[in-house]
Every structure is written in structure tokens, then in C-alpha cells.
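This is the structure I have questions about; it appears just below.
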Amino acid sequence: MTRETWINAALALGLLAVPLWAWVADEPFTITLATKVAILALAGVGLNIALGLGGLVSLGHAAFFGLGGYAMGILAAHAQNYTPLMEWPLVVEGTKSMPVIWLVAVIVSALTALLIGALSLRTSGVYFIMITLAFGQMLYYFAISWPAYGGEDGLSIYVRNGFPGLNTLDPIQFFAICYVLLILALAFSARLARSPFGLALNAARQSPQRVETVGISPYRLRLLAFVISGAITGLAGALFADLNRFVSPSMFSWQTSGEIMVFIILGGTARLFGPVAGAALFIFLEQALGGLSEYWHVHLGLLLLAVVLFARGGIIGTLAGQGARND
Amino acid sequence: MALPGKPLGEQNKLMTTILLIEQVLNGLQFGVMLFLTAAGLTLVFGVMGLINLAHGSLFMVGAFAAAAVAGATGSFILALAASLAAAAAAGALVEMLVIRRLYSRDHLDQVLATFALILIFSEGTRWLFGSFPLYLNIPTWLSGPVTLPGGIQYPLYRLTIIAIGLVIAGGLFLLISRTRLGIRIRAGESDREMIAALGVDISKLYTIVFALGAALAGLAGALVGAIQSVQVGMGEPVLILAFVVIVIGGIGLVKGALIGSILVGLTDTLGRILLPEVFKLFLDPSTATSIGASLATMSIYILMAAVLVVKPTGLFGAKA
Amino acid sequence: MKLKSLFAAASLAALATTAAADPVKVGMITTLSGGGAGLGIDVRDGFMLAVKQSGNTDIEVVIEDDQRKPDIAVQLADRMIQSDKVDILTGIIWSNLAMAVVPSATAQGKFYLSPNAGPSQLAGKGCHKNYFNVAWQNDNLHEAAGAYAKEAGYTNTFILAPNYPAGQDALTGFKRTYGGELAGEIYTKLGQTDYAGEIAQIRASGADSVFFFLPGGMGISFLKQYADSGVELPVVGPAFSFDQGILQAVGAAALGVINTSQWNKDIDNAANKAFVETFQAEYGRLPSLYASQGFDTANLILSAMAKADVADQDTFRAALEAAEFASVRGDFKFGPNHHPIQDIFVREVIQEGDVFANKIIGTALTDHGDAYAAECKM
Amino acid sequence: MTEPVLSIRNITKMFGALAASDNVSLDLMPGEIHALIGPNGAGKSTLIQQISGGLTPDAGSVHFLGRDVTGLDTVARARLGLGRTFQISALAMEDTVLQNAMLGALGAKGRPFSILRPIMRDKGLRQVAEAALDRMGLSTHHNTVTGELSHGQRRQLEVAVALTLSPRAFLMDEPMAGLGTSGTHDLTAILSNLRHEAPILLVEHDMDAVFALADRISVLDYGRIIATGTVDEIRAHPDVRRAYLGEET
């Protein structure tokens, strides 16, 4: 086993151990924080497929995070108010069932990613960063000014959605759901990286001409990566909305996109567990620094700067060595 | 519930030509202001290949410096000078401490490091100046409206902004096409090694270009600060708009930034005014106002996405 | 499960030996950093001033910064309820954050006392016996502005607000009491900084007055640009854009503007005089509307604590409902939906030496409740 | 009469007023190495790009295996069996040598959009990749990271990746560039054998290699083919000597 594998195992176990300890010690808020880490890490795992493996610097992944959130919010709000989602051409009811919500979140995010990706991937470099940002902003302003689902106020769901056989209101059980989904996504992501698609996508990041000359279209590879990436981030959005029992347009904001990206870089770009390490550190800092000073953003900024300038490869890169991948 | 008053349809007044001209002037003024911010951003990208998200913070630094100096001295001219100086100094400092380590990095590292700079600048400014907006106003000799030919009442200050912006745009074109600094900037855009071979101190050149861009952003901040609110976070919306502008025009091109600015300024201003009117043609006025306003908030992003889908490197960008 | 209860029992036993008296624990979630931090700081300072003046050591306040982000606010609420075990929550400035926090907090059996946000949902169908609003229902100040406009004889007002729920509520609230014709109705972009286009429309509309609701920096920008445009129609608005915190930034552009508020520093009563004086002495600045609301919220809690134990929820709630405290705005009582019934004043912006401030010139609405109370089934 | 594998007919490509390709026609016959030479700026790169699919000609056509491919992009032409190597190595530098070869095999024979089975366990693709690496003398470097290879080894890997495609024709852009004497010698020997598998259109600056390998040579100057013929014909051609070798005759 390489050093990185050990670090990954330690992270996976650590993320499990902390809430278990908190459960025993009756510290439910610590469990909530661990759940938040797991969900944000899941969003990061999604973005990492586009960003780390595919080299697609998307500053618009908040779009999928928000769509996932609104999939949950809209479905649950209709179920909560006993109003059907639509009545024509067929009656569709809302739902409070997590698996159904997840499925809808994933499908909606994937379809949107297909559309945004198909248009955005015509560009590259800075243009790609900015066009993805533009699509994110469109959805953000749409969500704010669209009155049907609360506009800027967002939607409050009074009771967390259900999962068959579990009591999702119990923090530890909800954590378990998120943790399992995170581990599944990590396993999927690891398998994807070793698959033919992963090899080709990774090569397309390094040398698109090469991939073309062996008869594979980089555009299609990237589009599929973008769709998978968006779908996973959308799933995370649905969970995040369920964690807060609330969804609002701030999930669509460009700062959200920036933060998801921050997790990845903090943890280590293209590292399997990078988003996990990054999200954990981010939440820890938010709690630790936020208590110390009103101006904790200054400290966060300095730390981020230090990581980018001096600790390339993020936490995992620094601990596991092997140099940063972009050299 | 039934609302008192007559239906809104009756207020759907005829858009007179005068109103339309005034709105075009407004769009132009907004565009010129955007140009001042976008010019620095696009220069820095063109010459150094750097994406600087912290450019909006320099805009804010200019506005705060102007407000502080105007408060202390009462002079608007001194305040503008201070905005230039403070933003240039902040820009040069940041370039030397942080930015120059980023030139060789990929866009991702640049985005992140400059995102971190935003956090530092914003909270640092709040720490220095507090959470309440500062006061900066139009000097009396520039305040109030003037009457233009055709009877249009238009604020003198906004006309001044248009004039200053156009003068600076002209100066920038001259600087780039006629001066030694400009030659070096153009050389730096095309070939960094060549310019180093010419014996130009490239790191000094980069600092100067960065400070120049910062100074322009700072000036824009001060000019706009007098008619808007000088507060922490004022830079970010402008930053996003400036990016939209340079991406539409083609990144790295001052000409692209100018055309992009005017286009965005006009789209935004006219979209806000015209879209609700357009929807009123086939929807009831209240819904039309709401839908039109919603669409107007998205209009520049729709414009940008449309431009990029058709021309993936912007209107004037070379093929990648 | 066995293991867990064993541990829980042990830790409870450890706690029980230290917990002798039952202090009231208040969790304050408010905006202390980023945009809009000024409002949260004022609420906090007003609140803490009241706590300090009371000398009551049985009240413990936990203060956290929500950064104006709904998800952070929800998590802070979770933490305060789950870990800090607070009895009362308060502090939230923004309606969207309140909508995120309040329903679940009250559902978990906590009291929530709002020092600012008063979204209509929580006043109507979504009201709750444990939710009290000590400031106003969101529509109140706009309704007062409408009433003023009617009384002032305006018949053709141009109205504008940002395109988001509070903005839509603002225009609805204004229209509810106004009654005249509208020269135009515009929704602007949230966070918009340039209003040249809107001002040109106002100029062309033939209006006789302007009503706007543009909170924070948006209002500053609008007023400065409006003052410079040469349009000289009278302007009416809710207090938010003319409050002490931002009035200095608007400057002379605001002079003479009419705005509506349930409080001002010149309201003539002993509590208010003392409040304005001590606030200035403590913090070195004039108190704002938000500070007064924080101050009243703390005093309401203190008044209830004097009469009841917070553990006895029904008695404590009754004590809150009675609202027997000296409000700085004078008469104050709760309506059936736990929202204020109070006078709303008309203020005018004046200059006092170097400082811009407000002066009360009349009363727009007397003993005013809100339009949603009837929908509330508590 | 044998059909040409690759046939370029009257291609013209303008950049502004400059004709980068001026009515160029060229054939690649089965079993031959056809060298394309010309001074810098003669339009070789532009021509190669139009053949591989990176650029579309303004006029004229490209036929490959009897089929008009003028409107097809690089990917489609590669799938038809056009194997290309680059002047400047375009390899996945962070990946291992074997992974680069696997990519070629995947493109030609695998399913690049399969996301489940680990590719390195695909025995069929692996055989193809390893065979190609063996032929190019890279059998001891399977797990070396490509970025760590020497310049010559990268050239060999370029050709190996092209081999995994089992192409019907090779398009090689200066494969000898930057190779030492022994490297050039080795590669010359390999290419010489390769022509029997598939013909090679060879763009090359190294005249010794060209004269050693080529069955036919075409000379490009100012976007035009000024001569086509055998090695000896070209050596003797006065226009070529003047334009290309810079001789005054």
C-alpha cells in the first residue's frame, strides 16, 4: 500500500470515528458537522471528476449543487403542502422519500450538465471558467426572482425527508446515509479513474491532440465527465438541503462554486480523498477560527494563499509526497 | 385581495425618443465605468496570462481611499488622486508579494490564490474602516443635471464619467501603440522570452502593468463610489461584470474590453427598461414587470453565453 | 444503544452536580461579518446593553455569526439547540435566514424572539406559539409609507423595490394602504448599484412622488443618484435606508426625505432617553433602529424571566405575551399572532451639526397590527 | 493499377492573402515511404494538418482508402486508420509508457466510454500495447512515467502508439527531429520495415534519413509542390537544388 492509501484509509476511518465518538458523548452538533463534511466532500468528489481527472475548471458547479437542493426542496414542499407538482398531462405528487428525491436530483443535474456542458465545452481555458460561471449566475438570478418557490427566501422543509427503515431525524442515522453515499461515490470515482474512460479522459487533459489521433473525441469524453460530475454534485446538493431542511438561491451563488473548488485544492487536486481532507479542514477552520475572531476570513484567506503558494498538491499531496501532478 | 388604484396598463406610457436616448447614455456611462475596471483585468491577462479575481478588491480600495481622503480634505480631486495612488500601491504590493509567484501556475491556482486575496482584502478593509458604508459624494461643481440638445436633462457627473472613460480609453490605446512601455507590453503578450532577451527587466514591467491596471480599477471605484455606496464587498459584482466584459470581447484585448463594456452596459440598462415593456405586449402588466425584471437580471449572462457558443474565444479573440 | 445510554447517564450525572440554579440561555445568531454586518452588530450591541444594564447574572448569551448565509444559520441553530442547549433563540436579521431557522427551532420546542425579520409566512399560516416578533411584520413600515402617501395627498406615485420576496412584499404593503394611482411599478435587480435607468423612467412617468424599498447599499446608491439627477419629486420610504448606520453614507442626498419607522431617537419617554444616552456612552455612536430592536428584545426576555421560569414554557410564554417592559418606542403590545401592535411614525431626515439624523414629524399608523394575523391559528 | 492509399487532390488553403497550400496534389501508394520535404515556412505543417483533419482546405479534396474524407475531423480520420505522429511529442506525460500505448489500443479496438472495468486488466488491449512497445524497443520501460523518458524514447513511444492503431497509413511529422546519430539510425531501420505494413507519408528535415528511406520524394516550396520523384530524380532536379538546397545553378 502506498502512503496515500494509508492517508485515505485514515481519513475514511476518521470521518467515521468522530461522529461515532460524538454519538457516544452525546454531542449531536459534532455529528451534524461531520455530516456537513461528508456532504460537501461528496460535492467535491463530483467536481473532482471534471476538475482533477478532466482538467475542466468549472466555476459553475453551484448550478448542480443548487439544482439538487431545489429538487429536494420542491418535491418535499409539494408533499408537505399536499399539493401535486403538476396535474397535466399527468398528476405528479411531491415526495418525502429520499431515494426518489436523489434519483430526481441526479437526473435533473445530469440533464442540465449535458446542456451546459455541450455549450461550454466548445470553449476552453479562461473562457470555459467564465462561461460556466455565467450559467451558474443565470440560475442564481433565476432562483432569486422566480417567486413560485420562495425566491430569495428559499424553501423551508419542516421535517427531514425519510429513508426506508431509518429515522433520518436522528443525526447519527442521517450521517450514516451521507457517509455511505460518500464512500460509494469515492469507490465509483476510483473505479472510474482506472477505467478505459478514465484513462482516455486523463490523457485528454494532458494532450487532447493525442486522444484525437487515436480516434477518440475529447469533446465527448469531457462532456460525459461533466455530466457525471454534475450528477454527483447534484446528489450532494439534495443531501445538503436535507441536512439544513432548507434550500435557497445561495446554493447557486458563485461563492458556493468557489468553495467547492477550495475543498479540492485544499485537499489536493485529482487526489481521490482530496475533497474529503479539504472539506474536513474547511469545516474545522470555520468552527475554530470563526470562534476566535469576527475577521476569520482574513485567516482563512492567508491559509488558502499559503496552500496555493507553498503546499502544492494540498494536504494529501504534502503528506503523501509524489509531487503535484501538474509539474 | 383587490388593490386600489387603476390597472398598471395605463402607466405603460409611450417610450419617448428622449427617454430612449437618455437610457442609451446611461448604458454608455455604465459601459465606460465597466471599461475602466475591465481594462486592467484584460491587460494583466494579456501580458501576464493571469486571472485576477482580486481585481474587484482594488476597485474597492480606490473607493475607500477616495472616501477617506475626501472626508479628511474635502477635495474631490485629491480624493481621485488618492484612489489612483492607493490602488496602484496596493496593486504593486500584491504583485510583488503574491501575484508574481502565480504567473507560471495554471489557471486553477490563480483563481484560488486570488480568491484568497478577496477574503483578505474584504475583511481587512472591514477591520480598518468598520462595517458601515462610507460617505463619498459628488463635488458641488459636478452635481446636478445639465440640459443637452433636444431638452434631455442629464446629470453632469455622469457625463463627466463618460468623458473621463473615453479619454482614458484613448490614452490607453496611445500608450500601447505609441510608447516604449506599450511596445514592451505588446511584446510581452506575444513572447515572454523575446522580451527578456531584449534586456527588459520583465518583473519590473509586470509590476508596472499590474499597478496600472489596479490604478484604473481604483479610479473607477472612486468615480462610482460618489454615486453608489462605498462599502465592503462593492468590488465583487463589478468583478464578475468585468469578467463578462473581457470574455465577450476576447481576453487580453483592450479593444475587446471597450466594445464588450459598451455592449454589456447597453444590454443591462436597456434590458432592464425594455424587457418588461416587451412582456407587457402579451402578458398582464404585473406579471410582465416581474418576468421582464427576472429576465433582465440574466440578460448579460445570456449575452455572454451566446457570444461564447458562437465565438468560443470572444468577439475579437484569436482562435485558441 | 446500551453503550450509549451508559455514557449519556454518566455525563448527565457529571452535569447535574454543577447545574444548581437554572439560568436562561439565549442563543443569538446574527450577521457579524461580510455584507450587512452593521445591522447584526447593532442588534447585538443593543441587546447586550440591556443585559448589562439589568445586572441580571441568570441570563447567559451565546453569540454567533451567521455570515448572512442561510445554511450557516441553520447549522448554528442546530448547534445551539443540540450542544449549547439554549432556551431561547434570537438575533436573525434577514427574512430568508429566519425562514430557514425559525420553523425548525420552534418545532423543537425553543422560543424564538425576532429582533428584526418578520416574514409574512411566520405571521400568518406559519405562526407558532413559541415565535415572537419584537420588531415588526415586514409589511408594516411599507404600509405606513402608503398611509403617509395617501394622507399627504399623493395620487400618482412611482414605486420600486428589488425583485425578491421582501421587495414584492414591500410594494404589496405600500399598495395596501396607499389607494392612489401608480405612475409606475418597477422591480430592480437585487444588489443593483446603478439606477440611472430607473430614475430616467421616473422622470418620464409624470409621477408626483416616489416610494422605494432598497435596503443597504442599494438604497445609498439610489438616493445619491436620485439627488444628482435633478428629479425633485418627494421621496418616501421605510426607515431602512435612512437609519443611523447608513445615513452618514447617504449624506445630504437624504435631507428632507420622509421615512416611516416605529422608533426614533427623539421619541419622548424615559426608557428611550436613557437608552440613547447609555448607548452613546457605551459604544460611542448613536443607536440605530436595529439597536433599539435588540434592546427591546433583551428587555422583553428579562421581563419574562422576572415573572416565570423558562423551563415552565406555558407560564414563560404568557409572561412574554404580556410584554410588560418599558419599550423604547413607548406603547408596545403583542397581537394574537405574537407580532407587535404599535404606532408607526413618520420621520424626516435632518442635519444636526455634522451629523444626519431623523426627526419625528407625525404618526402614520396608530396601534397598527398586521394583515396576516387572521390567518394565524395558534 | 494499384489505387493510392492516400490521395490529395488540388488542395488550396489561404491565410489572408498568403497561400499556405497552393493547388497541392500528392499520392501515397501502398508499400511506399513518400517523403515530403521543403524549407521552413514552405507549408508542410499546414498540409499535414489538412491531411490529418485539423484544418479544412479552402478547395480540393483528401481521399483516404478510396473515400472522400475532406469533411471529416481528426477523430473520424483516425478511426478510418490514419496513424499520426507529432513533431513535438504529444503524449500524456504524467502517465506511464504502457498507459500511453494502451490509449492507442483503446482508441482503435476498445470502448473508450466504458466506465466500469479497469482498463489495465483488459488482456486483449494489453497484448496490442505491449507488442507495439516491444517492437519499438520499449519493453523494459512499461512502468516508466512518460515525462521521464529521454527525447529519443519519446519519439519511439510516439511511433509505438501509432502502431497500436494498426493503421492503414502513417503520417509522420519529423520523427527524427532532435534524435542523435544512433537514434536516427535505429528509427530509420524500424521505419524501413514498417512500410510493408502500411505506407508512410514522412515529413522530415534529416536529408540522410530521407534519402535512405524514401521511395519517392515531393518537394514543397511556397505552398506548391515543385517536384515529385525518386531519390535520384530529386537529387538532380535543378529547381529543387535552387529552392531547397539554396544552390545557385
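Annotations for the structure displayed:
Read from first to last, the chains carry the letters A, B, C and D; within each, the first residue is number 1.
We adopt the following convention: contacts are C-beta pairs under 8 Å (C-beta built on N, C-alpha and C of every residue); 3 or more make two chains touch, one makes a residue touch a chain.
Computed from a predicted model, the values in this text were never measured in an experiment.
When chain centres are set by their Cα atoms, the one at the greatest distance from chain A is D. A count of contacting C-beta pairs for A-C and for B-C identifies B-C as the more extensively joined pair.
With each centre defined as the average position of its C-alpha atoms, the distance from chain C to chain D rounds to 74 Å. Spacing of chain B relative to chain C, judged by their CA centroids, is 34 angstrom. Separation between the centroids of chain A and chain D, computed from CA atoms only, is 43 Å.
Chain C has residues 33-34, 37, 163, 168, 187, 189-190 in contact with two or more other chains. Multi-chain contact residues, meaning those touching two or more other chains, occur in chain B at positions 122-123, 126, 290, 293-294, 297. Counting partner chains per residue, chain D shows two or more touched chains at no residue at all.
By the definition of touch given earlier, these chain pairs are in contact: A-B, A-C, A-D, B-C. The touching residues of chain A, counted against chain D in their complex, run 191-192, 194-200, 202-203, 206-207, 209-217, 220-221, 224, 228, 325.
Interface residues of chain A, counted against chain B in their complex, comprise 51, 57, 59, 119-120, 122-127, 129-131, 133-135, 137-138, 141-142, 144-147, 254, 258, 261-262, 265, 269, 295-298, 300-305, 308-309, 312, 326.
Chain contact summary for the complex, chain D toward chain A: residues 52, 73-76, 78-79, 83-84, 86, 90-95, 99-100, 102-104, 106-108, 110-120, 122, 161-162, 164-165. Those residues of chain C whose C-beta lies close enough to touch chain A in the complex are 3-4, 7-8, 11, 32-34, 37, 64-65, 69-71, 74-75, 78-79, 82-83, 95-96, 99-100, 103-104, 107, 119, 163-166, 168, 187, 189-190. Considering their complex, residues 1, 3-6, 8, 10-11, 13, 16, 18-19, 22-23, 26-27, 29-30, 122-123, 126, 130-135, 137-138, 143-145, 153, 155, 157-158, 224, 226-234, 237, 269-270, 272-273, 276, 285-286, 289-290, 293-294, 296-297 of chain B touch chain C.
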